[in-house]
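Okay, here's the structure, questions in a sec.
Each chain gets a letter, A, B and C, in the order it is written, and its residues are counted from 1.
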């Protein structure tokens, strides 16, 4: 099947290549990336080299554009997938190919495509190489703008499942109207009104045959979502509500009750200040095109996690992953800049960021029917806490050559629930981070990070130090050590020492690293994968053209 | 057979790309929203004959934020001297995209910011990692691309902006 | 595209929209959610038996869902369905000795080897007759019923008989496995047999129970080891390499000491014949060692 499609592209290319004037107006872009790892066994950290010693994986993208016409292919190769990536990626193939025609408000894609409706609560198809995540659709997509301010989308197809397509069919439509843009068709003044409103609605339905001898399963499962985004001067309010009809699956333990989700973000912001308050309710919103699927397989929707996305190494030790079967969370976040030449701003200004979030279970009644599942009480938090954090960060430029930031993070982490590790501790952690930048001259710079994590649970205390020397625009030389000095078992008080060199030129980047990597969870947007400990040499090349 | 097709594909691609030289860049046509919810098509991105910087970033990307904060300190001078415009494309997904406006305002940045929530523009521009910066001259010819950020990169970038401003005239 | 055609498209799309909405497929299932009755309609004298290998763990909170699923399937398919619980992987690791619960080690070398062979990444998970269903070998429990249903009414290609002689005083088991081919075949055929103990009472984590730590959980059809001594313990012995004809018979005699820790009244042997190239199970049989 894929061969046939490749042939189609080949023919398109050959036929287009034969027209000289087509050539002149065409554009080719692309990118590739190669990641590799050479393993060493280090039983102390639980890192075991696979039999093949070296794993290499990579992809290449090519995009051909000619006016309104675009075609592209993506080739992926895993021989094998690096430890920690899903090992079902094994082999090399063209995994993504499409042709697209986009002109005058009509945009048609055949082949593979990515799409998102609203915030993704009922539909998001996307790709993230670092997560090893790709639920690309394979089918047809049409986007149509009949008039300014109105956009309609239709998507139909199956989802990518490694080298195949999943068994279920996904189809969806989405309509969005920007009231101001639409009315400005009739009266120009609407486009400059202070109150801006965008309304949207989407419907997604999946089909999978019912072969179950035990139960009557819904072969067609429908979900819908309604959203409204309102901007008024410096205030904004974003909201989306989603509802999903009966959808028994592995993910929810084959219960028939419907699911729903509510996502609200309100905020105020103007120059120098930003404030947001958000809330999210999720109840039974696991939505996949194969009801038997688990892990990150064949998800139709995306349920963003609310807590702050951490980037500092020790702060990523306890990341939050969305609980699609039920969670109730809230977050408040403040960005404030003391302007330069004020009392607290000093000469260069001072930046402070504050955020806090909390995630609870949802309140449920005891199940009246085992098959239906427990009824939940909308917008009522349950007793169990999943996660909580408080972040405080201050950034300050001290002199023309010297700037720094300090950060304190308090985290509560329900390891039991988030990692599914039973008998695990409920972790309370305090993290302190100090970062300095020192400018030696216009191109030579030093950056240091000092991080400390204090906890009485799990693996106890950690400390980390990092130093990076950069020479603009090409070189980054980094060394860091993560040390689990507080571990109860003296054998596990291990230094995870790493060295890394990066050479960047233009849109290319080559990096080589050597050292030990601790086990952990890598999460993007609330979707996580487990990264086991490893030791050895890593290298990566990425390039765009 | 499949390998052969791939080979021929690459060959024909390189052949076509050989035929195109010094053309103005065909910006992909992707519909994005700005921070106020207005719809913008990326094919319309331009800066009226003056240099244009398109910078891909994310709120969770520390080097990106450093780069944009550093440029922000001198952005008004850059604009006065060369007329350059920087458009910051946030690749934050729906977890963090709703926070972009408060974040940008909180930092007092003056950039035009667009939200590429599902990475459509990022993919179309073949951006693998952020930060990734594109520099176009006044005729929308792609002059330079750069990934990653080391302090001092902004000086090199501004040198290129200045020469682009001169050549665009 | 001019204004008129835009209008045309707009109408067209609106019509499509209404069309899609009216068809926007959604099946709303009302109680009862469960299928009624069932059973199979074959009258063949020799029935095909199908094995579900349920990879499980006592610390896997969702694994009891899979146990309940296989129980329910046994109610439909009866003796034609054989279930084997293989404790292996992350959630089968016992807590250190001295911990108040979950210290019992259910794991076996054979189970661990199968776990690695099938590359399990999540539990519960299973394999039905080691045969792919819908392109996938590893199946989550909601797919088991459909996968079993696909296989179970196919005509039997072989017949297995188990003849036990068990001495309770020495706890020695002598078993004769007789295989008769019912169809012509070609390939490498192997026979393997596992020792299974039913109804072991021990701790199990169960997400649906209150409290979730269940002290007296009944662990059914637990893999205890192989009837065959190493190196044949996991993959059995070859009985044919090349063409075999319908009517050909093969006999294996094995003896095994049954651990005093097992309740001999609950011990049975599961024997199966499989194709060594595809690993697909051709026929299976289960028999208790004591009548």
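Assume a residue touches a chain if its C-beta (ideal position, glycine included) is under 8 Å from a C-beta of that chain, and two chains touch if they have at least 3 such contacts.
Only a predicted model underlies this, so the values are computations on that prediction, with no experimental measurement involved.
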Topology of the chain contact graph, where touching chains are joined (line, ring, star, complete, other): line
Relative to chain C, chain with the most remote C-alpha centre: B
Between chain B and chain A, distance of the C-alpha-averaged centres to the nearest whole Å: 21
CA centroid of chain B to CA centroid of chain C, Å: 54
CA centroid of chain A to CA centroid of chain C, Å: 36
Complex contacts: residues of chain A adjacent to chain B: 2-3, 6-7, 9-10, 13-14, 17, 23-31, 33, 61-65, 67-68, 70, 73, 75, 93-94, 102, 107, 114-116, 118-120, 124, 126-127, 129, 143, 149, 151, 178, 181, 196, 198, 229, 231, 236, 238, 265, 267-276, 278, 302, 304-306, 309, 311, 333-337, 339, 349, 351, 353, 437, 439, 442-445, 470-476, 502, 504, 506-509, 524-526, 542-545
Complex contacts: residues of chain A adjacent to chain C: 86-87, 103-106, 144, 146-147, 152, 154, 164, 167, 171, 173, 175, 203, 205, 207, 211-222, 245-246, 248-250, 253-254, 256, 291-295, 369, 371-372, 420, 422-423
Residues of chain C touching chain A in the complex: 1, 6-7, 9-10, 13, 16-17, 20-21, 24-29, 31-35, 38, 59, 61-62, 65, 69, 72-73, 76-77, 91, 95, 102, 119, 121-122, 125, 134-135, 139-143, 145-146, 148-150, 205, 207-208
Complex contact set, residues of chain B against chain A: 1-2, 5-6, 8-10, 12-13, 15-17, 19-20, 23, 25-26, 28-29, 31, 36-39, 59-62, 66, 93-96, 98-99, 101-108, 117-120, 123-129, 132, 144-148, 150-153, 155-156
